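Shared between the two complexes below is chain A, which pairs with chain B and chain C, respectively.
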Partner chain A sequence: MLRYALKRLGLGIVIVSVAMMMLFAMVYVIPGDPASVALGPRATPQMIEALRARMGLDQPIWMQFLKFYTSAFRGDLGTEVLSGRQVLDVVFEQVPFTLALIAGAISWSVLLGIPLGCIAAVRRGGFVDRVVGILSVAVIALPSFVIAIYSLLIFAVALRWLPAIGAGEPGNLKSQLMALILPSLAVGLGWVGYIARMVRASMLETLEASHIRTARAFGLSDRRITYSYALRIAILPTITLLGVGIGHMLSSSVFAEIVFARPGIGKLVYEAISVRNYPIVTGAVLVTTVFFVVVNVLADIVIGALDPRVRASFD
Partner chain B sequence: MNKLSTTNLSRRTVLAGAGALGLASLIYPGAQARAAGSTLRVRSYGDIQILDPAYRLAAPEGDITNVIFAGLVITTAGDKWGWKPMAVETIEQLDPLTVAFKLRDNIGFTDGFGQMTAEDVKFSIERIADPKNESPYAGDWVTLKEVEVKDKLSGVIHLKEAFAPLWTSTLPTPSSTILSKRAVTEAGGKLGVKAVAQSGPYLLKEWLPKQRTVLVRNPDWKYEQGAYDEIHVHPIEDEKTAELGYEAGDLDYTWTSVSSITRLKQTPPADTTVVEKPSLAFVWFGMNKAVAPFDNPDARRAVQYAVDRKAVVDAAYFGAAATANGIIAPGLVGHREKNLYDYDPDKARELIEKSGLAGQTVVLDILNKTERLSAAQVIQANLADVGVTVEIKQNDSGTFWTLGSKENEYSKKLQMVVQRFSMQPDPSWATEWFTRSQIGVWNWESFDSEEFDKLVNEGKVELDPAKRDVMYKKMQDLMEESGCYVFLTHEVAGVMYRNSVVAALKPNGEPVFADFKPA
Partner chain C sequence: MSEQALIERRPLTRLGGLGRTLRRIMREPLGALGLSLVVFVVLMALFADVLASYPSTKLSPADRFQPASWQHLLGTDHLGRDLFSRVLHGGRIALAIALGATGASLVIGIVLGLIAGYGPRWLDNLMLLLFDALKSFPTVMLALTLVTLTGPSLTAVVVVVVLVSVPGYARIIRTQTLVLKSAEHVMAARSMGASTARILAVHIMPNVIGPILILASMDIPVVVAIEAGLSFLGLGVRPPMPSWGSILNDGFANIRDSYWIVVAGGLPIVLTTLGFTFLGETLRDVFDPRLRGRG
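Entry: the complex of A and B
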């Protein structure tokens, strides 16, 4: 098991390194000068040159890359030149909002998706199964920003049940939860469909397995067989799916954070890209990449712990 | 067996019921926590990045520094541009080169930085003007000679030469904000995002990045007190999101998108005042005379005749904005009532044949905003009518704002652009970008006129409004005669606020937060 975990961890480090290289290349290939964008129209060419030097943009690109790479591995993402704040501070003060958003989205997708998938599997071919099938495809097909806008119009503007903007009152959990409902629904609703379909397919396969037939032969109730025995095995592919899904949820969170004027990593990156604030872009994307890789490595380790066949495939 | 005894009341049922009740209480409208009472909730289009007025990056920072730091004078709310004293008891222009001031007594800096003195005024103004400090606003004090300290509260601002924008776009702006000399020196010469030594009618209590900035009334401010206990400034970049936030009851004041003005005026949200204000911005369609085919004056003139400006503006702004006749907005010195070359497709065709532009494909660069795309599409259709194919190229803001920079190779290929600048209420702000020294900086059309440059310099030092009016009109004539410009619009600004609020707005709709009051 330890060998398996170390291999996954090593692979994770390689993925982060490659992502860093791609990130650096992308950021520096796109046109636009951060110094002139930051200083605005009234800055003189001398001021722009001075700021470029302070940002290190006057150095050869390989030197900038080397500096970025070595600093990042030391955990130093640099300083934002204009405000003088540490990039890591700027990024980490936004991380909790995005994590809360993703946790909310996962909650929606798991709390709705797993029961729907189970019910559809148990009622295979019936009316409920068909309805769940249609609904699953429908929510998968709906882009998250459409869900965001319509849910906002209905629940915030028309009914005024929930706030339309912001992340709630600081220190007021209830207010923060209220502010989380609509954005997390917008990000998570599509995943309800994915998970329902995945759980249904997996459950159908498991329900045909010999140990389930044996359980039936022992006279156990259908409810107990479904939720205590079959679901425990059928849930494994869902964990993998959620690991990958977190990456998609991170990208969907950009829309949700903009539409709901909510703080978070997605909005931070979006705004930083438009003003070519390279230290913030690279810092925020790097933190997000590490988070995504860590989640996937953890998901792999959990699956490996639960299923010896997966461990064996790595040996 | 009675009904109660037949109910299967398990632990799970009780927990599920409690959860449902909890959720119901969460979504019950009356339970929602909303800021109320003496709190004003306003939208700003961006978050603060720096609180030093000398290095402010955008208007949202100016809006906040204007209330937490006292300036010498401040812009008044109303339909006409004006100013009123803020930190000064008296301020007077003794002659074109001399302004005398006396500070109000008892304006204190927070955090133990003592009383505001004339020495702080000298430090703050000379700091912006000194080129060594690299303030982007050094131009506001370009003619400053020195600030002379007479005594603890009095001083004299000496100019090297007269400066016409002094009372319109220098003194009433954050460029005249007075900071504590000791606080700035202790901070290393520049303030960051930590508000120290505040002195205005409100104090910055809390800044939650990307969430909100909380301002509280300054109990030590002895003059016009702020009317609200707190002002919550929410940074919301997207106008449509801000409109929805307002309609959902989360904001008391917001700017609206131009495309929403007509709808909001016809069917305003409940208890809301919707106001349309003339903007100071200017939008134009430019042609770069340094790049073919627009190095040919006939080609430029042909395009001027080919563009139906009214159709462009109507399509882009949903009928809410009027066409412009220049770059200086109505109400300011130098505003032109009519332009020189207007829509005439027959003349356009004639010149297109003569210039050899017929059948060519040209590229129009725009910023990726809806109204710019609509404007570009009408221009594209107009030019197609006279036999010229236009390819529209949309750019994100980071790319767009460097297209014409001489460091960017693309500037040598840039042919046409739809461009928008905003300005302060002095005509010199509009014209200074089109001089020869600005070619490859902000003069993307490569417009080069010696006479124009001379007038730009003279306009800044001429104090007679009638003479300035003639000069600035002439400058716009020269721009249009060059063929490089088709003036489109000054846009409009839409603002909405609750009827429970008396909004203090500058003539262009920008807020003066300190003067907002409950109705």
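Entry: the complex of A and C
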């Protein structure tokens, strides 16, 4: 088990390093110089030269590359061009808001998706199963920003049930939760569909397993078998699914944060783009990428701990 | 049956296959709905010039913020442009990008997948690593980085789509190529001295291309969503060119007073993504039940 965990972790580190290399390459392959981009069209050549020197862009490529790597691994993503603050500090200020949003989205998808999947599996082929099936496909297909805008229109503008903007008053948990409902629904609704489908499929498979047949032979009630024996196993693939899902949720949270004017990493990047604050953009992208890879490694390790077959297939 | 007869029968069975497939799709309620939506959206985009009574970029300040009426089926926006015309012309752009970007990703994905699967082991490992690293960027974050550097454009949208979808296609092609590499007919071709290019193009590709086409058709709504999403953020299609995403953006700025603008921008996105997804799900079940539950 330890060997598996270490291997998976090693692969994760390699993937992050390659992703960093790509990020670095993008800056070089793409025409356009970060310094002149940051200063805008009216900068004088002297100003650009000065900023290039400050950003270290006047050094040879391999030196910059080396510096980018070593400082990134020490947790130093450079300083913001205009204010001179540490990029990592600026990004981490926004992390809790985005994490709350994603936690909310996962809650929606688990709390709605798992029961729906179970009901569909138990009523296999029936009317409920079909309705859940079609709804799942539909919510998976709908882009999250459309859900965000329409839910804002319906629940915040027309009905006025929930706040339209912001993350709630600081220190007031109720207002923060109220402000979280719509954005997290927009991010999580598609995942309700994914999880319902996944739980339904794995539930159907589990219900055929021999230990379930045994439980049935012992005369346990269907309800007991489904919800306390089968569900425990059928729920496992959801962990992997959510691990992969975090990446998509990070993408959707950019839209949710912009539509609902919520603070967060997505909004930070979006605003950094409009003022051409390049270091913030790469810094935030790197942080989210590392976060995504770490979550996936953790999900794989948890699954490996629960299911020895996964460990074996990794060798 | 002689070989000649087999060759002659081929086109016939293919045509018959198409008719049969269509019938099977229409038999499923979800498939029928999906196909109708797709046909509807495509026709609206194709005949945009005939159906739309106003030019999509014509400003008419006197008609600003008009709700839906017989003159303006979906109302007008903050510059007095007719939203129905903008939605139809935006559809052309959305579908053109979806087809173009998916096609480009398919070609690149297939070529890279064949190379990874048939090439030496080290190249295979290297490519898998690159694919995994590329997949580890959240899509929108990758798009935001690219667009910061290049500035918003149609090309940037296409590049984002290609970067995001190539790893998936290439991985599937690679896995199937690995299996076929040691198949009897490939061995036979190699022993008769066929070149690597010929083996890949004639003996392997036709056998691996089917499932990937179905997956690509299911990716069309995803691409439509990426284009609309980037345009909504102001990072895709540039104004005054109409795009469903930029209509949504215009509407979002005026959502409290003029709700019909976001309705006009979102509705075509909803219809298109649902239509293509329903159709794709049905196609997949009809063609290849093994792919069920993927994705």
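Throughout what follows, the second predicted complex is superposed on the first by the 289 of 315 C-alpha atoms of A that agree within 3 Å, B and C clash if a C-alpha of one lies under 4 Å from a C-alpha of the other, contacts with A are read in each partner's own complex, and residues count from 1 in each chain.
Assume contacts are C-beta pairs under 8 Å (C-beta built on N, C-alpha and C of every residue); 3 or more make two chains touch, one makes a residue touch a chain.
Note that the structure is predicted; figures quoted are calculated from it, not measured.
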| item | value |
| --- | --- |
| Which of chain B and chain C A:85 touches, first, second, both or neither | first |
| First (chain B), second (chain C), both or neither touched by A:131 | neither |
| First (chain B), second (chain C), both or neither touched by A:172 | first |
| Chain B versus chain C as contact partner of A:220, first or second or both or neither | neither |
| Partner chain in contact with A:259 - chain B first, chain C second, else both or neither | both |
| Which of chain B and chain C A:209 touches, first, second, both or neither | neither |
| First, second, both or neither for A:276, with chain B first and chain C second | both |
| Contacts of A:5 with chain B and chain C, given as first, second, both or neither | neither |
| Which of chain B and chain C A:153 touches, first, second, both or neither | both |
| On chain A, the residue positions that both chain B and chain C contact, one per complex | 30-32, 34, 37, 152-153, 157, 258-259, 273, 276 |
| Chain B to chain A touching residues, read off their complex | 26-29, 31-34, 49-50, 55, 57-58, 134, 136-139, 190, 192-193, 206, 208-212, 234-238, 241-242, 244-245, 247-251, 396-399, 401-402, 405, 407-408, 410, 421, 433, 441-442 |
| Chain A residues within the chain B interface of the complex | 30-34, 36-47, 50, 82-85, 90, 93-94, 152-153, 156-157, 159-170, 172, 174-175, 177-178, 181, 258-261, 263-264, 267-268, 271, 273-276 |
| Complex contact set, residues of chain A against chain C | 14-16, 18-19, 21-23, 26-27, 30-32, 34, 37, 134, 137-138, 140-143, 145-146, 149-150, 152-153, 157-158, 197, 201, 247-248, 250-252, 254-255, 258-259, 266, 269-270, 272-273, 276, 278, 281-282, 284-285, 288-289, 292-293, 296 |
| Parts of chain C lying in touch with chain A, wherever the complex brings them together | 30, 129-130, 132-142, 144-151, 221, 225, 228-229, 232-233, 235, 248, 251-252, 255-256, 259, 262, 266, 269-270, 273-274, 276-278, 281, 293 |
